[in-house]
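So, here come the structures, one by one.
In the two complexes that follow, chain A is the common piece, with chain B as its partner first and chain C second.
Here is the complex of A and B:
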C-alpha cells in the first residue's frame, strides 16, 4: 500500500507529467541517443546494471527451472527498459518501480495466501503426490528380519548395473534388476569384492557419479519375489528388503503385501484403505471452502471460535474507545492555556508511545505476575490476584495495558486537531450563550471528528490485528479446555491464526490462510463502512 | 532527465532484490547438478546449530580427507532446523543432512522429508534408547551421536552419601542437611513436565505406550489410576513446598550453586557450571517415588538425511558408515563434551559426572517424537502447574481434563 500511495502522490507533484507536450522537443531533431548529458549517462549506467542483474536472474531461474520467476523477470525487464527509454512514458518512469514492488510484495503474497487457503497445505500434506508416493514406498521398505548384511560391490556391464555380494557362507553372487542372484567366481580381498568375471567393479567415485540409479536398483534375492530384494544405500553394504506396501502405478494404489489391503487415493490427499486407515505422508490437494468452514463445523472449535470472534471485536472496539477517551480528555486538559508546564507534561505523556510496544507488553507481563509481580506484591500488599490466569481478569488486564500503550497516540492526534479548530468559533458560541458542555458536544467534538475519525478507524483495524500485545502479554491464555488447537480466552483472531499455523502441534497453513482472508474481509468491510460514514462528517 | 534518477535507482534496487532472490537458489543447485567426475567432486550440505558446529568441523574435515567428499556446514538456529527442513525439502532446496534433537522426527516422517536408513549390525554398538529414539513407526531414520538426560546431582559438601531408596526418603534425608531447599526440581509458571518425568514414570504413568521395539505409539498412557496417584503426589510435594513454581531453572541452579540444597535434578548442561564453581558433586539416578523405576526422558542428538538429497550414496557413506565409527564419535566427544551415543566411545569417557548421567539414563525412555508433542507439552505443563500451585482443588480431576485435552489435540 505504501508503494502504491507514494507512487501516486508523486505524479501530481510533477509538472512535466501533466504537460509533457510543451517540453518535448520536436521529433527527429534530437533523440535521446544523441544527447549525452550527464543524466543520460547516469541513466544508461543504472539501466545497464538493472539489465545485467535481470539477465543474471533470468539465467539463474533458467538453471533451476523456475519458469514463473523467469517469466516475471523477462516481463519486468522489458517494462523497465521500455519505460525508461521511451519518451512518451513519463508517468510510468515514476510508477514502474512502485508497481513492480506492489506486484512482488503485495499481489504475489495475497495471491499465494488465497491459493493456500483452498488447499490442505500443512503437516502431513507438505508436497506433491509424486513425492508422497516415493516417500510412502521408501518408508515401508523394511529389512527382512534376521537377514544378514551383505558386503556388496556395484558392478557394471555395458549399460547394465548389478550388485555383487558375499553371502553368509562366503560365496560370491551377482544379480541385476531382472536376473536374481546366482553364484559367480569373484575375487574377494579383505571382505571386499575386487573383481568379478564379465563385470566391471565400480569404485566409490563411479558409484558417486550415478547415485540415483544405484540407490533405486533392486536385485531380487531369489526367483520367489516374497524373499525380497537386495538394495544398497551406500554402495558397499547390501540388505535384503521387502516392501510392506507396494505401489501399483497403473491402478494408482498401494497394496499391503501382508494383508492385501488396498489403499486408494482419497479426496483428502492421502491413500486410504476401505476401513478408513490413512497412509502418511499425504499430498497437497484443493479442499474447496473446507478451510473457511472448519472453525464453525468442528463442534469442539465452534464455541471457542465464537468467543474469540466476539472478543476480537470487543477488544478492538474497547481499545479504541478507552484510548480515545483518555487521550481526548488529556488533550483538552493540556490544551487549556491555564495549565502550567504543559510542554513538560505533554512530553512525559508521550513516553509510553516511545517504547516499543512488545517490550512494554513484556514488562507488564512481569508486573502482573500473580506471585512476584509488582502490582500484587507491592501495590496491593501481597494480594494474590490471578491477573493473567483468570479469563475475565486477563481480558481486563489486556484492555488496561493497551490503554496505557495507546492513549499517547490519541493524545497526540487530538492535541493536533484541537489546535486547528479556530478559536473565534468557540468564542462566537460562547457569545451566543453556549455552555462548556454544549460547546464541546456541538462544536469541538464534531470538528474534531472530521480529522480524527479516519484515524480511529485505522486504529480499530490496527487493534483488530494487534498480535504482539496478545502474544507478549498473555500468549492467548488461559487456555480453553477441550479444543483441538491451543487457544485461550484472550486470543484474538490473528493470534488464533498463529496458533493454528505454528503452535498447535500439527501445522495447518491452509486453515490459517483461510482465517487470515476472513480477517482481511472483516477489516476491509468495517473500514469501508467507516470511511463512508466519515464523509458525511466532513459535510458539517 | 534529472528527475528520473531516483526512480532509476529504485528499479536498480528492485532488480537487485529480484536477482538476489533468484540467484540465492542457484549455487546449491549448481553444485548438486554437476556430476562427480571423481570422488573429490561430491558436496554435501549439512545444517548444524551453533552449539555443535565447532565440534562437527574436525569430524567433517577428517571425512573429507578420507573420502574426498566435501561437507559444507551451514549454521542455523537450533529452533529453525526442524521447521525449515520441513518447508525446504519439498522445494528441492533443502540440505542433504541435518543434525538435530530427535523429538522432531515424527513431524519429518509425517511430512515425508527424512529418508530411512539401515544401520544393520551397527545398531548393536549404540545404547538401546539412542537407537530407539532414531526409530519412528518401526523404521530407522538417523544415526545417534550424543545422549542427554537428567539425573540427581548431589552436593558432596552437604551430604556425603545417599542411602535413600525412595524419593520420600530422599527428601527426608535432604531436609536433615538444614538447607533452605531439600531436593531442587526446577519449575516455572508452566511447571516443568520434563524435569518431573522421572517421578511420573515411577508411578507407572509414561506419556505414551511403547511398543515392543521401544518406539512410541500414540496411545496415551498417562491417565488412569497411575496418573491419579501421580497427580496426588504432585499436590503433596507442592503443599509441603518441595516443589515451588517460583523456583525456575535459573533460580534452582543458583540455589544449588549457593549451597542452599543438597540435591538438584538437572542435566549435564548445568554440571559444568557447578564444577567450574569448584563444587564436589556426584551424579546419581533419581530414586523412585511410586515404586516403579524412575525413567528420565532421554534426548538424543541425531544426524538425518533428507528424503530428496541428490547425493544419497555420499550422504549414507558419511552418516551411516563414517559417523558410526568409534573414531568419529570419539572426536565429537572430545570437541563437544557430550556423552557419545556409541557404547564403545561412551565407555571410554572417564568423566565421573558424565558417567553418572549415562548410568541414570540407561533405564531412560526416549523423548516421544510424535507430531502432536508440542501441544502435549503445553497442556501437560499448565496442568502440573495448577496441581503444584494448589489451584486445582481436585488433582485427579485436573489430570483427567488434561488427558482429555491432549487426546483431543492428537485427534485434532
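Here is the complex of A and C:
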C-alpha cells in the first residue's frame, strides 16, 4: 500500500537534482524513500524479509494458538512497515529495531515476571485448564469392557502416523493423534484395510519397526476427550479406550466411572475429590500473594531465607568495601610521581580484571579445593581447611575471591579520580600544617567520593546480583538441610531464584518470579539512591 | 621537570624507604597475588594428564598434550559458538545503539524526553533478573519460531540484543552530542538525506565510541553465564562459559589440565583485547557508570 505511493513519487524526482515543489518540504530530495537508489532497494529487501518472517510467524502462531505472540507480531509488522514507508516518522526509523528487541526481551520479560509471580506456574501447573482436562482424560484411559475389537491398519503420511479403522457400523475412518477420526473411502478386503486414499498403509515389517510409536499412539474419536479413543497393541486390531474419569463439561467436574468419586476444580488449579485427592496435572491459576509469602510462612524455609537475605546484603556491602579499600590504597600508593615503573605496576595490577570473570571463579574453585587445591596443599603446607564446604569459610572465600576479582576496577577509577584532584589543594593543606592522614581524611577522600560514590552504588547493585561468582565458586553450598528447595549458606537471592526455578526437583516458576520481583524492588531502591547523586537526568 | 629530579636525588636511605620504597614492596606483593592464579592455570594447562593434585607443582613438566585433547571434546564447537554469539551481539548492539543515539541526539520529536528517561529507568534493571520469564518466553517462542526458541544461538543473540538499547544508548548519546550539529546541517544543505548523514558522516565521526561499545558488548556477552545457561541446554550448543563450567564442576572425573588449557585459550582473546584497548575501555567504564 505505502510502497505504491512511494513508487509513484519517484517520477518527479529527476536526476538533475532540482527540488520539485512539495507540500511538505523534505529534508533533501534524494531520500531513500523516494528514489530507487541502492539504499532504497536494500531497505525494500530488508523490510520484505522481515514481513515474510512476520507473516510466517503469524501463521504458525495461529496454528499453535499462541494468541499473544500473534497479536504482538501483527502490531510489530504494522509499526515496522509504517515507520519505514512513511516519510514522516524519521526518528522511528532509527528507534524501531532497538525498541522492538527492548520491548520483547526486556520490558515484556519484566512484566511477565510480574504476572508469573502471582500464579502457580511450574511443574504440575504448566498449562491451561483445557489442556489439563485433555491430559487427565488421556492419562486415565482404560479399555472399555466388552467393547468390540475393530479391524485396524496403521497408516502414514509424511512423518505422521495414524490409524484407519472399520467401525462397528462398517464405516471406514482415519485419524491421527492430532486429528480425530473422520470418514474416509478406504478399500476393505476380507476384513482388512488395504488402501486409504492419501495415506500409505504400513505393512507388518514397518509396524514392527516402529512398534513403540504405534503402541503409544492414541487416536481420539472427537475433540471431546470423554468420547474416548482407539489404541492398538499389535497394529491390526484396535480397541476402544475411554477415560475412567469422565469429564462433565456442564458441571465442570470429573467423575470416576468405577468408584463414582466426583472431582471438582479446586482453588489451587487442580481437580480435587471431597477427600482432598488431587488429579494431576493441574493448570495455571492466580494465587495472589502466596508466592511472596511462601518464603516466610513455610517454617522450613523461613530461617534459611532470612539468612540468605542478610547474606546477600552483607556480601554486596563487604564486596564493595573491601575492593574499594584495597583499590584506593593501591591508587594512593602508586599516585606518587617519584615511584618508578608505575606503568608496569598498573598494567600488571589490572590483569585480574582483564581475565574473564567466570574463568577466575572456576580457577579459584580448583585452588581452594579442600584436599587437592593449591592453597591447602602448597601454600599452607598440606592443611585441609574446608574453604568451600564450611558455611563461614565459604563466605570468607567468596569475599576474598571477589576482592581479587574486583580491586583492579576500583584501583582504576580511584587512580582516575585522584589524578583529577588538583595538586595545589594538597600543597596548600600541607603548607597550612596538615599531616598526611589529615589531608587524606579531610581533603582527598571527600573530593574523591564526589566522583566515585555513584560507581560504588552501581558496584553494590552489580554484586547484589553476582550470580556467576556464587554459582561457579560454591554453587551456593554448603546446603541447608531440610529445606524444600536446594539452597545453601552462600546462596544469594539471585542464585536462590535459579535454584527454585530450575534445580530443586519440581520447577516453581511462580515462586521464583516472586523472588525476582523482590530483587527488582531492592535494585530499584538502590538505583534510585544512586540516581539522586548523579545529575544525569538534568543533562537530557 | 627540574623539581622532580631534585626530589629523586634528595630522597635516599631510610627516608627513601619510608616514602617510596614501601610502595614497591606493596606493588611486588600485589603483583604476586594477581599473577599466582594466572600462572597456576597456565602451568596446569601445560601439565599432561593433570589432575588437581598434579597441578600444584608449578611448571614441573611442560607439554601441549592438554591442548591437543581439546579438539575431540567439542571445545572448538563451543569456541565457535561463543565467537558467533558475541560478535553478532556486538555488531547488533553497536548498530541499534548508534541508531537510537542518533535519533535522540539529532531529532526533536514528541516523546523524546520521556523516551530517554524510560531508557534510564530500564537500564537500572539488568536483564538477567528476569531470566525465569525469558526462559518461559523462549519456551513459547520455540513453538512459533523454532529458530529463535530455546537451545538456539539465534535465540540467545536476540535476548542479548534486547539488553542492547538499555545499556549503551546513553554512553553513545553523550558522544553523539559532542559531534557539532553544523556538520549534518551542512550536509543537509548539500542535499544529503538523513540516512546518508547517519551512515556516511556521523558513524565515521563517532567511530571510537562504536569501537568501545562493540568491545564492551563483546566481552560481556562472551563471559555471560546465567542467560546462556537458561537458554542453551544441549552440550553441542554451549558457549565457552557453559562448557568450561561443566568441565570444572565435574569433580569426579574432572581433567583439570584440559579445563586449564581451555581456560587459557578462552582468556587470551579477552585479555589481549583488554590490554590493547585499556585506555578506551577504562574511559568507557567510568563514563558508562555515571548513569548510576
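Simple rule for what comes next: the second predicted complex is superposed on the first by the 331 of 540 C-alpha atoms of A that agree within 3 Å, B and C clash if a C-alpha of one lies under 4 Å from a C-alpha of the other, contacts with A are read in each partner's own complex, and residues count from 1 in each chain.
Keep this in mind: a contact is a pair of C-beta atoms (placed from the backbone, for glycine too) under 8 Å apart; a residue touches a chain by one contact, two chains touch by 3 or more.
As the structure is a prediction and not an experimental result, all values here were calculated from the model.
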item: Partner chain in contact with A:308 - chain B first, chain C second, else both or neither; value: neither
item: Which superposed partner A:331 touches (first chain B, second chain C, both, neither); value: neither
item: Which of chain B and chain C A:161 touches, first, second, both or neither; value: neither
item: Which of chain B and chain C A:345 touches, first, second, both or neither; value: second
item: Per-residue contact with chain A, leading partner among chain C and chain B; value: C
item: Which of chain B and chain C A:60 touches, first, second, both or neither; value: both
item: First, second, both or neither for A:107, with chain B first and chain C second; value: second
item: Touched partner set for A:373, first chain B, second chain C, both or neither; value: second
item: Which of chain B and chain C A:69 touches, first, second, both or neither; value: both
item: Touching partner for A:94 - first (chain B), second (chain C), both, neither; value: both
item: Chain B and chain C contact sites that coincide on chain A, given as residue numbers; value: 39, 53, 57, 60-61, 64, 66, 69, 93-94, 97-98, 101, 104, 369, 372
item: Complex contact set, residues of chain A against chain B; value: 14, 16, 37, 39-40, 42-43, 46-47, 49-50, 53-54, 56-57, 60-61, 63-64, 66, 69, 72-73, 76-77, 80, 84, 93-94, 96-98, 100-101, 104, 123-124, 126-128, 131-132, 134-136, 138-143, 149, 203-205, 207-209, 211-212, 214-215, 233-237, 239, 280-281, 300, 369, 371-372, 389, 477, 479, 481-486, 503-506
item: Residue ranges of chain A touching chain C (in the complex, touch as defined); value: 17, 27-32, 39, 53, 57, 60-61, 64, 66, 68-69, 90-95, 97-99, 101-102, 104-110, 112-113, 116, 121, 330, 333-334, 336-339, 345, 347-360, 362-367, 369, 372-374, 377-378, 404, 408-409, 412-413, 416, 454-455, 457-458, 461, 465, 467-468, 471-472, 475, 494, 497-498, 501-502, 509, 512-513, 516, 519-520, 523-524, 527, 530-531, 533-534, 536-537, 539-540
item: Chain B residues touching chain A - in the complex, by the definition given at the top; value: 1-5, 7-19, 21-23, 25-26, 29-30, 33, 35-39, 41-42, 67-69, 86-87, 89-90, 107, 109-113, 115-118, 120-121, 137-139, 189, 245-246, 307-308, 310-314, 316-317, 320-321, 371-376, 378-379, 382, 391, 401, 404-405, 408-412
item: Of all residues in chain C, those that touch chain A in their complex; value: 4, 7-8, 11, 19-20, 23-24, 26-27, 30-31, 33-35, 37-38, 40-41, 44, 51-53, 55-57, 95-97, 99-100, 102-104, 107, 109, 112-113, 115-117, 120, 122, 124-137, 140-141, 143-145, 158-159, 161-166, 169-170, 174, 188, 191-196, 198, 219, 222-223, 225-226, 230, 241, 244-245, 248-249, 256, 259-260, 263, 266-267, 270-271, 274-275, 278, 282, 285-286, 289-292
